[in-house]
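The structure follows.
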Amino acid sequence: MSLSLSVLLAIALSATAYFMAPRHALRFVAGDRRKLASLPKQYGLSAGLSVFLPAILIALIGGLGGLAPASLPYIVIAVAAVALVLSIWQSRPEFIARNRAESIITLVLIAASGVAILTTVGIVLSMLFETANFFQDYDWKDFFFSTEWSPNFRGDSALGILPLLWGTLYISLIALAFAVPIGLFAAIYLSEYAGPRLRSIAKPAIEILAGIPTIVYGLFALVTVGPFLRDYFAVPMGFGQSASSVLTAGLVMGVMLIPFVSSLSDDIFNAVPQTMRDGSLGLGATKSETIRQVVVPAALPGIVGAVLLAASRAIGETMIVVLGAGAAARLSLNPFEAMTTVTVKIVSQLTGDTDFASPETLVAFALGLTLFVITLGLNVFALYIVRKYREQYE
Amino acid sequence: MSHASTSLLTVDARTRKRNAAEARFKAYGIGAIIVAMLALAILLTSVLGSGLSAFRQTYLTINVQLPEAKLDKSGVRDLAVMRKVTTIGYASVLRDSLLETMADAGITTEMSKKDVAKLISKEAPATVRNHVLANPDVIGTSMSFDLLAEGRIDGFFKGRVTMESAALDGNTSPEALKLAEDLKAAGLLETRLNWDFLFAPDASDQRPEAAGLGVAILGSLYMMVVVLVLALPIGVASSIYLEEFAPKNRWTDLIEVNISNLAAVPSIVYGILGLAIFINFMELNQSSPLVGGLVLTLMTLPTIIISTRASLKSVPPSIRDAALGVGASKMQSVFHHVLPLAAPGILTGTIIGLAQALGETAPLLLIGMVAFVREYPAAYSPDAGLFGEASTALPVQIYNWTQRADPGFVERASGAIITLLVFLLAMNIIAIILRRKFERRW
Amino acid sequence: RDNVQVAGSSTVLPYAAIVAEAFGENFEFPTPVVESGGSSAGLKRFCEGVGENTIDIANASRKIKSKEVAACAEAGVTNIIEVRIGYDGIVFASDINGNSFEFTPEDWYKALAAEMPKDGAMVANTTTSWSAVNPAFPDQPIQAFIPGTKHGTREVFEEKVILAGCEASGAMAQIMEINGGDEDAAEGTCMAIRTDGRSVDIDGDYTETLARIQADDNGIGVFGLAFYENNTDKLQVATMSGVEPTTESIASGDYPVSRPLYFYIKADHIGVVPGVKEFAEFFVSDDMAGPDGPLAEYGLVSDPALADVQNAVMNEVFMGN
Amino acid sequence: MLDSNHMDVKMQTETTTKISAKDVQVHYGDTHAIKDVNVEIEDKAVTAFIGPSGCGKSTFLRCINRMNDTIDICRVSGDILIDGEDIYDRRVDPVQLRAKVGMVFQKPNPFPKSIYDNVAYGPRIHGLSNSKAEMDEIVERALRRGAIWDEVKDRLDAPGTGLSGGQQQRLCIARAVATEPQVLLMDEPCSALDPIATAQVEELIHDLSKNYCVVIVTHSMQQAARVSQKTAFFHLGNLVEFGDTDKIFTNPEDPRTESYISGRIG
Amino acid sequence: MLDSNHMDVKMQTETTTKISAKDVQVHYGDTHAIKDVNVEIEDKAVTAFIGPSGCGKSTFLRCINRMNDTIDICRVSGDILIDGEDIYDRRVDPVQLRAKVGMVFQKPNPFPKSIYDNVAYGPRIHGLSNSKAEMDEIVERALRRGAIWDEVKDRLDAPGTGLSGGQQQRLCIARAVATEPQVLLMDEPCSALDPIATAQVEELIHDLSKNYCVVIVTHSMQQAARVSQKTAFFHLGNLVEFGDTDKIFTNPEDPRTESYISGRIG
């Protein structure tokens, strides 16, 4: 018997438990559900979950890493069957099934949050060893403090992270400076001014922007925006000749990020109770004053969440940066110059043709880990801001 | 006070100023919407403009002679023997048949036989060969085939290739285009709707005309099933725990920060993780939609969690109190009241998360899904299990096609982008409708 | 697993895909899965170990490094068959409507070097026009699109063009004079490319280079021969030292800038994963990799010593033996 | 003390009309909430709206400063004139209207901001102060008038939502008077207040009515009798009777008014 | 009519203690909202909490069914026993407690659902009905007891949030009684009600007290006098006086009670 078949069987058993348990309990009280300590469906839920979870857990743990003994499927089924009998036997009128069901669900919820933790652990671990290998070959001081990034095939590469960090920061800031106001204003307009018709069309339409593959944005940056900025701004203003620039990538990325800010903020604005608005309007505030001073502050945690999400996307984006801002690592204030980001270099060093055991490739892991730590810091800061300025309505 | 005796019908100076600010504010809003819509319109027109033609294709109608002497020398119709004749052999059969068909239609050309044969797609011999192997009886007869025309010819009828560009092009010539026009006049060549674009597998760099999205669509579909089935429940469950149940202390702060931070992890890092955990440790099949889906699930989770938590936060506590007050448990108050009110935000997070998952290439690079795959993956196979067979995905196909040298793939890539957007809309439409249903003010 | 899994260099990918497609059409085996992701990632996956969930063949646009072989051996991958499938020509091309060029390595050195020796000291390269590099050239601003440092092509470009130009122009000797005869350092100095925007690194692929040239008529880009041959209506190619790049001139060695392409077979998978050996043999067969085969037609420079390669595959000759 | 004050007010009988409503109808979707209401509300006086729960008092009150505009399904027809100007005229700016016609809502709705900011909000947007000191003064004055200063003076930075129900109500009153509106609409301003606080708020209402027009909704007949000069009795969306408070409570014309009044308890 | 009923109740003096609080202290962050309260609340009787706004009535009420658990910054110490069991014991499930101890909040907070669902929610989660018909009955009965049935019977599917203030308040009362709690805590249940509705709710309270323990917060002395057998007077977080309602209103012991009572108006 295969493991998947046994899991299917376990699911069938838990479905049986789900249907049988309430009946069993009702039998004691002659079908009068009011005499049960919990709702009939809670008996079902409790029993179904008590059957399903242990079985699936055993299947998962046993199935991991291929250490499954041949008997695993039978164990899974045996556990499910025992749990079935026990849980149905347990379904008596005085049994508080809701508590059981809820404690199981709480466990499930905790396990679900565990996924995020495990992911983090996994990410850190999967990068840690290679990062350590990298620092054996390459001086950490040069990595963190050198302002030069120029890998080559000869083995004397300069791998300073600073220009990459600067590029990441610069491009992300430009992208956010474009996307956050536009996204916020779009959200404000949609939730506070627009009629339901416009809203129901515009919101999903703007969300398409998040779904357009980034290569399209990249080509748009490369073919249209880049030359435009060069010809009409950079060259006349004497900022240089480069078609790819931080500004190009930032703006185009900003377009992509609009829906991240607008859609989520719009939902949050909508959740602010109308009485808050009424309170302000009743004092003779204009709609915009109400929005700026009451609605937006009340929605702040959600907005910060949306902006964080947008910022995260900006930091993680590659294609738009490659095509819009180029691949040259550079420390410069000029927004019309080509620069590049940490993420771009992670991808290019990982997918390049260099020796996979050389610092030029391993640097990708060090870059990833460093970025991880830095964004962690930024997130702590964001949490602090939210805590400090949060306005909780009733 | 300043406004003590003013008429309501005349607007006083301060109000005028405030109204101007109001109008400006509103204008910013409209402006923002217009900017967003304009950007969308520009991007969509450029994609549609260059991609719609991918759904049409040029076909040659050739009366193919299937001589026994060439295709089955033994004459016993033994499949094992017949297989020895490769597509190269069939290519020469097709060349001869094309020349004959042309002669029958009275079309002449200066070009060499070899160049004439180049009008036929390199895919065509395989088409004919497969047909013959499936129906050995047809050997010795002649039969009419609709075969793909070569990419540049196709491009010519779609306006991508011109006589001038052909003159410079090493892969075609004005004469070839002229010949194609003649064939068209004779009714032997036609540009028509091309469903194969959606259903055929990818083709190699030499056959842009034959490349299709079948495997990619299937792969993306499988991955999205995995993502939807895992990411939404896990994301919502962990947000509920963190927002509603978890004690508020340093640990939960840490987890909160940590989850926001996961959103900022470059997607390729999830590929590294997926390679390490799912392929090397759990020994799942590489290039499989299952692994792809798991990696994308991990990548999408933070998006869903962040948006879900934001919307859970925005539900007023009085609603929770009301439910608790009638004796609902915390769990019930959350599932019965808070969650429905937070649903719009959750669905938004899902829409955005799925959009990202559907369009992401980088993490798939490291788990082997950025690949040339021609065999359709099965949803289930005894060896590979659920979603375990090698496949690609739509963004991967787009990424691959944009890298190919033959300009014919530009159109294909745009066509694939259109398909991806349609796929995305189809996937999100339920979420969008549901979200509208749940949207309410109180 | 019943399909062959191939991963590695994106330069080799198109060739491998062409072969895989034909292999699937003409053999009873399923079409192999060919992944891209770069030589480095491909070899890394290749060296992860032996077994069903590791790949069978790694494509590479360079020779496997000894460090990598060691890593492979550590993971149990000891029996590796190295197969050279041909050469990748590297050409310089510009917009079809622009000026045409006849380059020498020296021109490229003078145009792109970060610093050049002048009067016994290194000075930054401030040349902005091709006519300043070589009076024979038109007065066109220098704008070069060269492969980013992740690309194997970059290595070839630096060594076979820039370094060669450095030596040919005599700059190499002057640099050694300045730095006191340190040859390694001098080579490094020669190959340092200016970063003032005249030369733009392309981390993407040739389609990006093409798009950049189309957006900027002055641009001159580095392409693979195959890419150029598929886009002759948009690009004009420049000669190098008077030789026009074609499969023939490269095969004969007249055109100097090219590199070999390889794939590596995990011999332990032969007989375990069906079709590995058949695929490899088919790949290097005359029908495919020969001078008249589809690979050559697509732009691969056929290996003059293809017969040796075919033998090595047939006899499963391991590396190092 | 209160009584003597009332006498003063009732002396100056000849007053001008501030608000007049003509044939006002309000629908919430299909619900006909206000039916054909005609009423003239005097300036510098207190008018009380009474009537059973759900009869339309709040609805009518909200019409007077066009707060009903914010309810999508609400439609208002007929004319409401303030100082002879139709407030539903297209030229009327509801913002200016609401600055002139302040409102205290039935459910206290403090902003999720500090107590200080709650009160300072109105003066700030109307530019009523030039300096921090002036604003402090305005806030203190408003909180004092709202009879809540003593309770919150030590925690002006605490959030307004963390107050008790009655405190919130008084905070909202303070917030409304801080902008010095000409007309003040108060929807059950004392519902959550203890007798002493109620007395203080009634005192405030009385004070305000010397200069402004005050309309209150109340369920307490006693309160209506105490503070108002005119009373309007609503029933099922109709304005059944409107007239001098004395008259309504002692000698109502309509049998419905009669029975409502007499049904009163304690 | 009411009076005669009151007589009945006051006859059966010997009652059992339902709720007893010992040394209860409540802090909101730094604010000390309840100071050392000790009280014994009788079963099958109505206890009224009175006191000036902000004195801690709601806070104490919310302690009794542990609704304060939901406020992060709120800390409760001391013991509260119901039927002799400490409700702050770790083994006590607040959910079961709240099913037993129902609550009507000071600010009406209907769910953003239909009127029907608002009322049916409690019975549904407690499994009080076997069928749709039974549920319909429960809902109707609850709405009738909440004195709102006539107003909403034609629009049970309309959202509860679209009701008038007083209607919402009665809806919340109906919602609370629908689950038949043993103890009902009502925080100013009549604050937004007209006299007739108030009378109906008082009637309900009286009915309930025959079988259950009812605690109400009110600002109306008259109401306290009318409906309650015991009255507790809070002041600045202290329980100043607790005793028979008659006694408190006629002969208070504490001067603070005295002055609060005498400050009453009308």
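As written, the chain order gives the labels A, B, C, D and E, with residue 1 at the start of each chain.
The rule we apply is simple: a residue touches a chain if its C-beta (ideal position, glycine included) is under 8 Å from a C-beta of that chain, and two chains touch if they have at least 3 such contacts.
Labels paired with UniProt names: A = Phosphate transport system permease protein; B = Phosphate transport system permease protein PstA; D, E = Phosphate ABC transporter ATP-binding protein.
Just so we're clear, the structure is a prediction, and the values are computed from it rather than from any experiment.
Asker: What is the shortest path, in steps, from chain B to chain C when you may only step between chains that touch?
Answerer: So the least number of steps between the two chains is 1.
Asker: Could you run down the chains that neighbour chain A and chain B together?
Answerer: Under the touch definition, chain A and chain B have C, D, E as mutual neighbours.
Asker: So which chain ends up in the middle if you average the CA atoms?
Answerer: Going by the distance between chain centres and the overall C-alpha centre, it is A.
Asker: Quick one: chain D and chain E, Cα centre-to-centre, how many Å?
Answerer: It comes to 29 Å between the two C-alpha centres.
Asker: Determine the centre-to-centre distance between chain B and chain E, using the mean Cα coordinates as centres, and give it in whole Å.
Answerer: Chain centres of chain B and chain E, defined by C-alpha means, are spaced 60 Å apart.
Asker: Where the CA atoms of chain C average out and where those of chain E average out, how many Å apart are those spots?
Answerer: 83
Asker: Report the inter-chain centroid distance for chain A and chain E in whole angstrom, where each centroid is the mean of the CA atoms.
Answerer: Result: the chain centres lie 45 Å from each other.
Asker: For chain E, which residues are shared contacts with two or more other chains?
Answerer: 95, 107, 125-126
Asker: Identify all positions of chain A at which a residue touches two or more other chains, and write them in rising order.
Answerer: In chain A, the residues touching two or more other chains are 98, 219, 274, 286, 289, 350-351, 392-394.
Asker: What positions in chain C touch 2 or more of the other chains?
Answerer: Within chain C, residues 10, 37, 41 contact more than one other chain.
Asker: Under the stated touch criterion, can you name all the chain pairs that qualify?
Answerer: Those chain pairs satisfying the definition are A-B, A-C, A-D, A-E, B-C, B-D, B-E, D-E.
Asker: Using the touch definition up top, name the residues of chain B that touch chain C in the complex.
Answerer: Going through chain B, the ones touching chain C are 83, 86-88, 122, 126, 129, 161, 165-166, 168-171, 203-207, 279-280, 283-287, 365-366, 368-375, 383, 390, 400, 402-407.
Asker: How about chain B: which of its residues touch chain A in the complex?
Answerer: It comes out as residues 18-19, 21-22, 25-26, 28-33, 35-37, 39-40, 42-44, 46-47, 233-235, 237-238, 240-242, 245-246, 253, 255-270, 272-273, 276-277, 281-283, 298, 301-303, 305-307, 309-311, 313-318, 329, 331, 341-342, 344-345, 348-349, 351-352, 355-356, 358-359, 362, 365-366, 382, 385-386, 395, 398-399, 402, 413, 417, 420-421, 424-425, 428, 432, 436, 439, 441-442.
Asker: Spell out the part of chain D that touches chain B in their complex, as residue ranges.
Answerer: 82-83, 85, 87, 89, 91-93, 95-97, 99-100, 125-128, 180, 182
Asker: For chain D, which residues are in contact with chain E within the complex?
Answerer: So the residues of chain D in touch with chain E come to 28, 31, 50-54, 58-59, 106-108, 151, 155, 162-167, 170, 187-188, 191-199, 219-223, 226, 260, 263-266.
Asker: Could you please specify the touching residues of chain C with respect to chain A in the complex?
Answerer: So the residues of chain C touching chain A come out as 9-10, 37-41, 43-44, 47, 60-62, 65, 67-68, 71, 141, 143, 148-152, 154-155, 158, 187-188, 191-192, 195, 197, 200-204, 208, 211-212, 214-216.
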